[in-house]
Amino acid sequence: MIDFLILSILLSLLVASIMIVFSEDLSHSVITYMGFGLGSTLLYFLFSAPDVALTEAVIGAGISSTVYLVALLQTSVHES
Amino acid sequence: MSLLLFILLPLLAIFLMPFYRAYLHYVSTVLSMALFGLALTCKAALPLVERVAVDLPLAITFELSSVSWLLVTLFTLSMSLFSLYHLRFSSNKALFVGTNMLLVGVIGLVLSRDIFNIYIFFEISSISAYLLTSLNQDAKAYGGAIRYMIIGAFASLFFLLSIMLIYLTIGVLDLQMIAQRFNLIDEQVQYLILLSLFIALGIKTELFGLNFWVPDVYQASRSAVSGLFSAMLSKSYLFLLFHLAYLLHVSTSQMAFLTLVAALTFAVAEFSALKSRETKRIFAFSTLGQIGLIALALSYGDTALTEAALFLIIVHALAKLMLFLALDLLERRLGSTKSEIFARFESLFLMAVFTVGALSLLGIPPFAGFAAKLSLLKGLAGLEAYGAMALILTVSLIEAAYLFRLLSGFRQGEQKMVVTLSPLERLIFGVMMFALLLLGLMPQPLLALCQEAAQAMLGGYHAAL
Amino acid sequence: MFDSLHPLITMISLAIFGVALLGVLVKKNLFKIFLAFSVAESALFLFFIGNHYTPGLKAPIAADGITRFDPAFMVDPLPQAMILTTIVIGIAVSALGLSMVIRYYKLTGHMRIDKMDELGEEQ
Amino acid sequence: MLHFEATLLGHLFFGLSLLVIVALLRKNDGLWHLLLLGSLGIIFYASSLVTLFIGWEMMGWSGYFILSKTARVSTLQRYILFNLGGAFALLGAIALLFSFMGSMMLCDIDLTLLPVWALHSVSALVLIAVFVKSGIIGAHDWVVDSYQEASPLFSAVLSAILSKAGIYLFIVLLLKQPHDERVLFELMAWLGAITSVVATFKAISQDEIKRLLAYSSIAQLGYIITALSLMQAYALEAALYHTVIHTLVKLLLFVNVAAIMAITGKERFSELGGLLYRVPLLFVLLVIGIIALAGMPLLGGFNGKFLLYTALLEEKRALLLATVMFSSASAFLYCYKLVYGIYLGQRPHDESPLHVSPKSYYIPQLLSAALLILLGFLPALPTPLFSAIGVEAGFSALEFTKPSILNSPFGSFNGAVLMSAFGVVFVLILGLLQRVHSKAKAAQNAQDISYCGEVPKAGVNLHFGYGMGHELGRIGFIAFILRRQSRRFWDYLNLIVGDLSILLRSLYALGTQHILLLSLLGFTLLLLGGL
Amino acid sequence: MNLKRTLRVETLLVALLVSVTTLVLMQILLNLHLAGHSLGDEILHINAASTQSANAVTSVVTYFRGLDTLGEVSILFLSIFGVALHMPRGSKNLFSYHNTLLYIGVSILFPLMLLFGVYVILHGHLSPGGGFQGGVIIAGAFLLRFLTYGDHYELKERVVSLSESLSGAGFIVLGLLGLLVGDRIFTQILPLGTLGELLSGGVIELIYIFVGLKVSAEISLLAEHFVKAHNV
């Protein structure tokens, strides 16, 4: 059961990474990246690494979001 | 007495920065000179080994062997000279943080014997280098810094990969223990680890194929900062790369590959400098060339050559720091680093500084570079590596062409600006010139130290061959 | 149902790593490049932590009735500590990088890596 | 690092250097000249290869800094690159020697211990250094420009002393060759001879005085190189003798020319002429100089050539002898040009005022003229020293009975007698000239002195010296020689290296992602290759 | 997606290279033989005896590899110093909503988050979390204030820099005290206590407090500089 959970999260992370890298709209990338962070948080938790999971979670919520979103606001949303 | 003082003291000084914001240049000077003094007092007690908090296998080990002592002394000395040079300017927070963190990083790189700890210092030195590159805060500086950062991030990915593989397959982080168990693991994985380490450290060591970003970064930074990069940053990685290579007993063919890469680094960089018109880029190319030369010597894993390489590291660091500091002085007065500026100033003292620096780089007697080049050639002759000898001598001629082209700029130009130096600047440059001359005339004491250091650095590598 | 999870974790995290690497190499937007680096790092973390996990092993924390530390039923704490440190370093680097990109954008009006031509022989 | 030893050879060379540099010492360049003297001292008294090399390099760069006050950048670059090229070749030879001898001391060097390939490599590398310093054809490119653009007095130092360092180097390092491995030295002999021929004709066709002297210097060194390559007692004697004579002669000539340039401010034959009656003493000194230079049987200049011919005859090298004699005879032409172009003929029309030459110009000239005359009277005077050096080098001692008689297996001559006769004739001719002067009248137009079918143009100063050498271009093989320029080769090389540099430099202009791509490509290829 | 633009030849070639690299890496790493016995096992064995910390990860982070954590904190400091340098603080806040509901919500949430952050820090040796995570949570509280309070709210620079500086110095001094009191740097100098209690783990607690303080100050500063970015 847990294997399936891990596998599905991993696969969705793969899809997310493709979207992050290849989406033309930077805001999509950033939002997907946050989802990526959430997915990896879950994975770390499943891997019995709650410390890492907590770190990833607070970073995703506290730092990454601010940094990337503000960077987007300050620059340009579109890729080119 | 603890080796960690070399790291903790500058860190403490950085953290306590809010208490003496206006006096940072003094603090930096006193600190680096104190560390230099501390390093000198350690000489008697070599080799020092210190384990942090607990015992092996868990502890992070720090080791001050003869070779790391030599480098730590060099770094603290360079830093002292750098801060002395900056005493004249007002207290600058960014410069203080950047340079002292860089010092922490490079000292950590040569002292630490724990692969993950080395990664931490790898990042400290890289990030402070990015910060220092962007110090000028114009498009040029940011262009260079971002470029540097992207390449640095790439390098750190590979470093991480190799650390992870090491821990996954060997289960330890201490270098000595890694070395003991390294050949027990799967050969493919061994090779992958070595290769990732080579890519990561090769980028930082600025070896050929991985060094195409270097001139841009040097150009983007302030000249004095480029001097620090040249004197400290690249040297610490050179040490690390070859320390790991010797420790992990890389095979003869892999060492031969390093020899090839080093020779290419040397030759291609020196050739590229020939037609350049931007002094910072020229010096950057020259740094690359010298790094190639040092790496070439180290890649033979021979005591005499390693001794020569260590001597060359010291001499080159001094000469390059001096040249870059003098260039910084000119850049501040004349606002440019194009090679034309050599025709636009008038100062006998600065001309002497540039001349001595260039002659020393070239390895022309009676300056210190000659003693280094001679021992290098002697070592190569001892190994019957005649091809390398021919390469060094031929490429040196190219080096001569562009360095003397710079020097010949002195006598052109009509409207010259008189550049006067403060007594302190005269003292700094005077001491460095004198050191280069003295090391050229009497290299034996330092060579003896280098020989001791070479034996420490090679460790048991010879036995493996 | 699988012999072990490790091959799957390895394959997929390496695939993510590859995708991110591709992004680093072909994407021209600096912002994208830094994002891709973050993803690549995350992929390495997943690979590392995942390979140290065996189903059934608990977190290395003595709580909820577990009072004894034993490698037989606890996962290795060291990789977790390492990754914790590395995550922080990663985000620190990203923040610094993005601040530089923002400043660069304000100075030049673009953030395309192929248009960064301030440096070089002619400048 | 520095090891010294006093040898006769060192005394000889250092004595010459001391003579020249002290004679030419001036206040404004004093420090550099003393540094130069110091470096020469290091070279000539060095007892280890390292010491010798240190002196060698110091000589190179102190010369550079003296030269940099007057010369153009391209000339400076040429000077330093050729010299460093020679020096690095020497360094390579030293390292190679060290790898076989295990010692850096000169006394430990034994060329017979080297394997053949190493012997050839060492010899070739040292020869490169020697050839560059002496300006053997092909490596002479820097010589002419540097001599021309150096300050007049420094040209004298360059020609009289610095060019001799190569000779010293050869004697110290290569003279004791094993007998059966001398292929390279056959080449060297011919290179020397060809150099003397080519440089002689080049000299004749020059318009600038200092360029003429530079080529003449190259030609003279060609003789010395030929002599040295024979590795034989008489030849060494000849080389050393010629070295001494050439030093004295070039000191005299360059200072003479310097004086002329100080007086008139001109440095081309086409702008000079008719100075005989303005500065008669300079004229007399110059005549002494060129007689010695041309190797006419008087005034010491002949003595070196005499010994060289003897050596060539002893070795039965007829063809070489013929070549040397041919160039020696041709040398009369440029000597003639030197005298006529400056002193004889008619003052040019645009006569600018003459400055008074400082007295200090006369001292070195008088000194070397006196020495030349002394050697003319007593040709065998220095031979005991040379023989002793020869013995040091392992050759059999040569016997010279009386200082005034220079003897050889093929004959001898008495310098004292010859010089006395010559002195009488010389005074007679001088008197005659004085007589003629009172009857001379100025030519009204250019037609008065033009013949040989040349069509003079108005405003061109025509006299025998001017344009001399042009006609050589019509003689087949000489024209061939004159048309060849090694400069083209070096310029081409420079161009190629420059282009290569720009090509390689473009690597460092790669975009960030391309750099990463290359790294990744390298990683993947190495990974695939290593598995 | 514009396929033509995305799928250029260059891109395809790079993709080929990357996939080759990835496949080769996979081929090697799929056959990885993990180390049978690793450093972590060693740590688990001696953790109870040497630290009395219930969270083995925490003991590694603060005690066994405390130096790495110091380095990590320095790196964070360094990069946030860089951020502050490159993005000087302006007076204008990017987020000025003046939303009363948000305002009230944040007023309630702020102390709770602070409390939670302190809890996470103090229980770092007992449960998942610790100085870093707690510090970020505290900084998150301040971030919320930045998002709601608009231009008026700003951090007291002196307080932030002092807490940052003193906590960093405290960490180092704690390490140096180990040299004075014990025999080596970063060693245990306090009584270990009993496993599972709040006051256990010796210096671990103290180190995490310092780290938490430092991280919270730094991340708050980072948030402020990003939110109130000066328009250059």
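Here are a few things to note about the model shown:
Labels A, B, C, D and E are assigned to the chains in the order they are written; within every chain, residues are numbered from 1.
Methods note: a contact is a pair of C-beta atoms (placed from the backbone, for glycine too) under 8 Å apart; a residue touches a chain by one contact, two chains touch by 3 or more.
What you see is a predicted model, and the numbers here were worked out from it, not measured in a lab.
Think of each touching pair as a link: the shortest run of links from subunit B to subunit E has 1 of them. Under the touch definition stated at the top, subunit B and subunit D share these contacting partners: C, E. A count of contacting C-beta pairs for C-E and for B-C identifies C-E as the more extensively joined pair.
A comparison of C-alpha centroids places B closest to the centre of the full protein.
For the pair subunit D and subunit E, the distance between C-alpha centroids works out to 75 Å. If each chain is reduced to the centroid of its CA atoms, subunit A and subunit D end up 78 Å from each other.
Annotation: 10 Å between the Cα-based centres of subunit A and subunit C.
Centroid to centroid, with C-alpha atoms defining each point, subunit C and subunit D lie 70 Å apart. The multi-chain contact residues of subunit A, meaning those touching 2 or more other chains, are 22, 49-51, 55, 59, 63, 67, 71, 74.
Among the residues of subunit B, those in touch with two or more other chains are 116, 120, 123, 127, 130-131, 134, 137, 142, 147, 150, 154, 167-168, 173, 188, 192, 216, 276, 281. For subunit E, the set of residues that touch two or more other chains comprises 14, 18, 21, 25, 28-29, 32, 34, 38-40, 43, 55, 57, 64-65, 68, 71-72, 75, 78-79, 82, 86, 128, 132, 222, 226, 229.
Pairwise, the chains that touch each other are A-C, A-E, B-C, B-D, B-E, C-D, C-E, D-E. The residues of subunit C lying in touch with subunit B in their complex are 24, 30, 33-34, 37, 40-41, 44, 47-48, 51-52, 78-79, 82, 85-86, 89, 92-93, 96-97, 100-101, 103-104, 107-108, 113, 116-121, 123. Across the complex, subunit A is touched by residues 1-2, 5, 8-9, 12-13, 15-16, 19-20, 22-23, 27-29, 31-32, 35-36, 38-39, 42-43, 45-46, 49-50, 52-53, 55, 57-61, 74-75, 80-81, 83-84, 87-88, 91, 94-95, 98-99, 101-102, 105-106, 111-112 of subunit C.
Within the complex formed with subunit C, the residues of subunit E that make contact are 10-11, 14-15, 18-19, 21-22, 25-26, 29-30, 32, 34, 38-41, 43-45, 47-48, 54-57, 59-61, 64-65, 68-69, 71-72, 75-76, 78-80, 82-83, 86-87, 126-128, 132, 195-196, 222, 225-226, 229, 231-232. Listed in rising order, the residues of subunit E touching subunit B in the complex are 25, 28-29, 31-40, 42-43, 46, 50, 63-68, 70-72, 74-75, 77-79, 81-82, 85-86, 158, 161-162, 164-165, 168-169, 172-173, 175-176, 178-179, 184-188. Residues of subunit D that touch subunit B in their complex: 1-2, 50, 53-54, 57-58, 60-61, 64, 68-69, 73, 76-77, 80-81, 84-85, 88-89, 91-92, 94-96, 98-99, 497-498, 500-502, 504-505, 507-508, 510, 512, 515-516, 518-519, 522-523, 526-527, 530-531.
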